[in-house]
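Each of the two complexes below includes chain A, the first together with chain B, the second together with chain C.
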Partner chain A sequence: MALTYEPIATTTLSSATNSVSFTSIPSTYTDLILVCTNVKFTNSAEAGRIQFNSDTGTNYSNVALGGNGTSVSTSKQINVSSGRVMGAFVGPSTTQPETTTIQINDYSNTTTNKTYLSRFNGAGTEVNANVGLWRSTSAINQVTLITTAGNFTSGSVFTLFGIQAS
Partner chain B sequence: MTVLSLSTKQKYGTLLGPNSAFIPGHYESIATVTVGSGQAASIDFTSIPTTYQHLQVRGMVRQGGAGTGLSNLVFRFNADPLTNGDTSSSNYVGQYFYGNGTSQGAGISNRNYCSDNVNGTATTNTFATFVMDIYDYQDTNKYRFFRCLSGCDLNNGGEVTMWSGFWKNTNALNQLTFYPDNGNFVQYSHVSLYGIKVVA
Partner chain C sequence: MTVTYKTIATVTVPSGGVASIDFSSIPSTYSDLCLVTSLRGSTNNAGNTLGLYIKINNATTNLSWRNLGDSNSTTFSQANTTNYTRTSINDTGSTANVFSNASFYFPGYASSNYKPFSIDSAVLTNGTSPVDVEMVGFLWSSTSAINQITLTPESPLFAQYSTATLFGIKNS
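Let's look at the complex of A and B:
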């Protein structure tokens, strides 16, 4: 049996920043998993978002489903310049560390648009699931997480894994 | 003890020589099915090894049947029901929770659905994606349980869904089949099966 599920790279923030990138991602895996742990934000007004291959065009869309302990919500965004992956409704926490897992299946194929799934876990804010589309058939070789208001705080950890199918 | 490496001509104090230790992984690829240009009525994994504790299935799928929006991915364990495409089996039950950007809902499914799927005339080159976990797939003391996160976005139309369900059977799982509920899987659909070990 083929062994798989390998860490590709890890970034632990030593200072607050509004952007974290993984570049030169090898094409040798089948799927990517981006695990974000101990993540806090300096501003709770905006969700964490994702971009691929430095594309800042309006080629992204997404659907979110979330709950905050009181109510359930869903929303969608179309033709936007990045995809939502964290804190869709209440907004992320500035005090409690939160985790997010992002699944990017078949990231290196060059024939289909790219779809990702994410699960955001904010114990003090909300839990949500997102599906997002990047309308490009390019192989993904760069993943960037951004905030559009404030920063990821120092100590936030981002680890990119690769899974290789047989 | 000293070991002389025939490749480096150097001496080492370990039998590994200049090599790093091989550490077996606990997450292994079992098999992958990728649909070719001829399309496929089903994606099958047979003779699943018994050497793991849990299974994970990861895939992206699209079906060729008519329709512009979303549909469902159907599965069966151990060829139950007997007929491919049968969604009327009473041997499965599950819960689902979804949001499509406009409305959200939840329900109970008595059918063997496990994921979103995309119909044939939806946005070109767009597939549904899913990650499905099947726990304790060999434990004959309880029913076969799964959970799944799936979704598809069509740039104004889409859905993200959480699923959980079980097969009302305690048999060890040795066969897993996926099929569309409308038409065939189109080219580039693919599903991969992984096994997860635990430390003894």
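Let's look at the complex of A and C:
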């Protein structure tokens, strides 16, 4: 029986790091979902971000909508070197674990630029949604989460799932 | 072959309604949980949505949440540390046969870490109100595994045909 929602890989950090990569992603799925949980940062000025296929060029854009518990904010970034997926307005927590879910649909086609949707949930910081664009028609075979300063803490868990449409 | 996205239990509200929907004795054998709901309350809240309350392991402490949403064309963001977290569902004043949608995701629910989870919900109606779209980030600051999830409407019952399905997800 074909699995329609299949775990590809899980990384649980045994020490702090500023980069988590999923490489050699098979092209056999339709969509990808990356679930990040128990994530904390060593620096509250952090912003967890995403890159595809080791592309560090200014080929990313994104729009974020967020709430900090008092007010609602929105912002846009264009021609940047990574996509925003985690803390966008307040910055993530160094003490409370937070979750992020990132959906990357139709990731393996070689016709269109690639988009992603992310939801960040920080009960002590902010809740936000991001939509991002990677301007490349290449199939995605690598997903890397990075920090802009400091690290993801030990114990952070990242799981990549593949979804089959049929 | 291991099934990685599996139905644990589903509840469909019968005639007469119910005061709560409870998933208990949740096995700890999955990596994550996903709860999907289609809910309607049994009372008219005069053009407003009804609250949906969630309790984890019947806990009354160590809870906090922060949200972002839009209600009847007004954006909002709130934060709180209460015994319950809440989002919204349709009341009987909204368009007939319309039920709210919500998706709850509990990653690492059985781990020994604190338990952050998310809620995405929508209350719609074929009219001007009530309408509510909401995202919630919630934290249960407990190292206990989640073994019970209880949903309760603001008042007094969930209406017939409301449903809730709990899925277990394995990450290996």
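Assorted remarks:
Note that the second predicted complex is superposed on the first by the 163 of 166 C-alpha atoms of A that agree within 3 Å, B and C clash if a C-alpha of one lies under 4 Å from a C-alpha of the other, contacts with A are read in each partner's own complex, and residues count from 1 in each chain.
The definition used in the following text is that contacts are C-beta pairs under 8 Å (C-beta built on N, C-alpha and C of every residue); 3 or more make two chains touch, one makes a residue touch a chain.
This structure is a prediction, so every number in the text was calculated from the model and none was measured.
With both complexes brought onto chain A, simultaneous placement of chain B and chain C is prevented by a clash. By the document's definition of touching, of the two partners only chain C reaches A:Asn68; chain B does not. Legend: residue contacts after superposition of the two complexes on their common chain; A:Thr144 is shown touching neither chain B nor chain C. When both complexes are overlaid on chain A, the residue A:Leu117 reaches chain B alone and has no touch with chain C.
Contacts of A:Arg135 after superposition: chain B is touched, whereas chain C is not reached.
Of the two partner chains, neither chain B nor chain C is touched by A:Thr153. Judged by the touch definition given at the top, the superposed model places A:Thr4 against both chain B and chain C.
When both complexes are overlaid on chain A, the residue A:Asp106 reaches chain B alone and has no touch with chain C. Applying the stated touch rule to the two superposed structures, the overlap between the chain B and chain C interfaces on chain A comprises residues 1, 3-5, 65-66, 72, 119, 129. Chain contact summary for the complex, chain C toward chain A: residues 1, 3-5, 31-32, 64-69, 75-79, 105, 107-108, 111, 113-114, 116-118, 120, 135-139, 141, 169-172. Residues of chain A touching chain C in their complex: 1, 3-7, 10, 35, 37-38, 65-72, 96-99, 101, 119-129, 155, 157, 159, 161. Chain A contributes residues 1-5, 30-31, 61-66, 72-76, 78-79, 103, 105-106, 109, 111-113, 115-117, 119, 129-133, 135, 137, 163-166 to its touches with chain B in the complex. On the side of chain B, the complex with chain A involves touching residues 24-25, 27-32, 49, 58-60, 97-104, 123, 125-131, 149-156, 158-160, 162, 188, 190, 192, 194-195.
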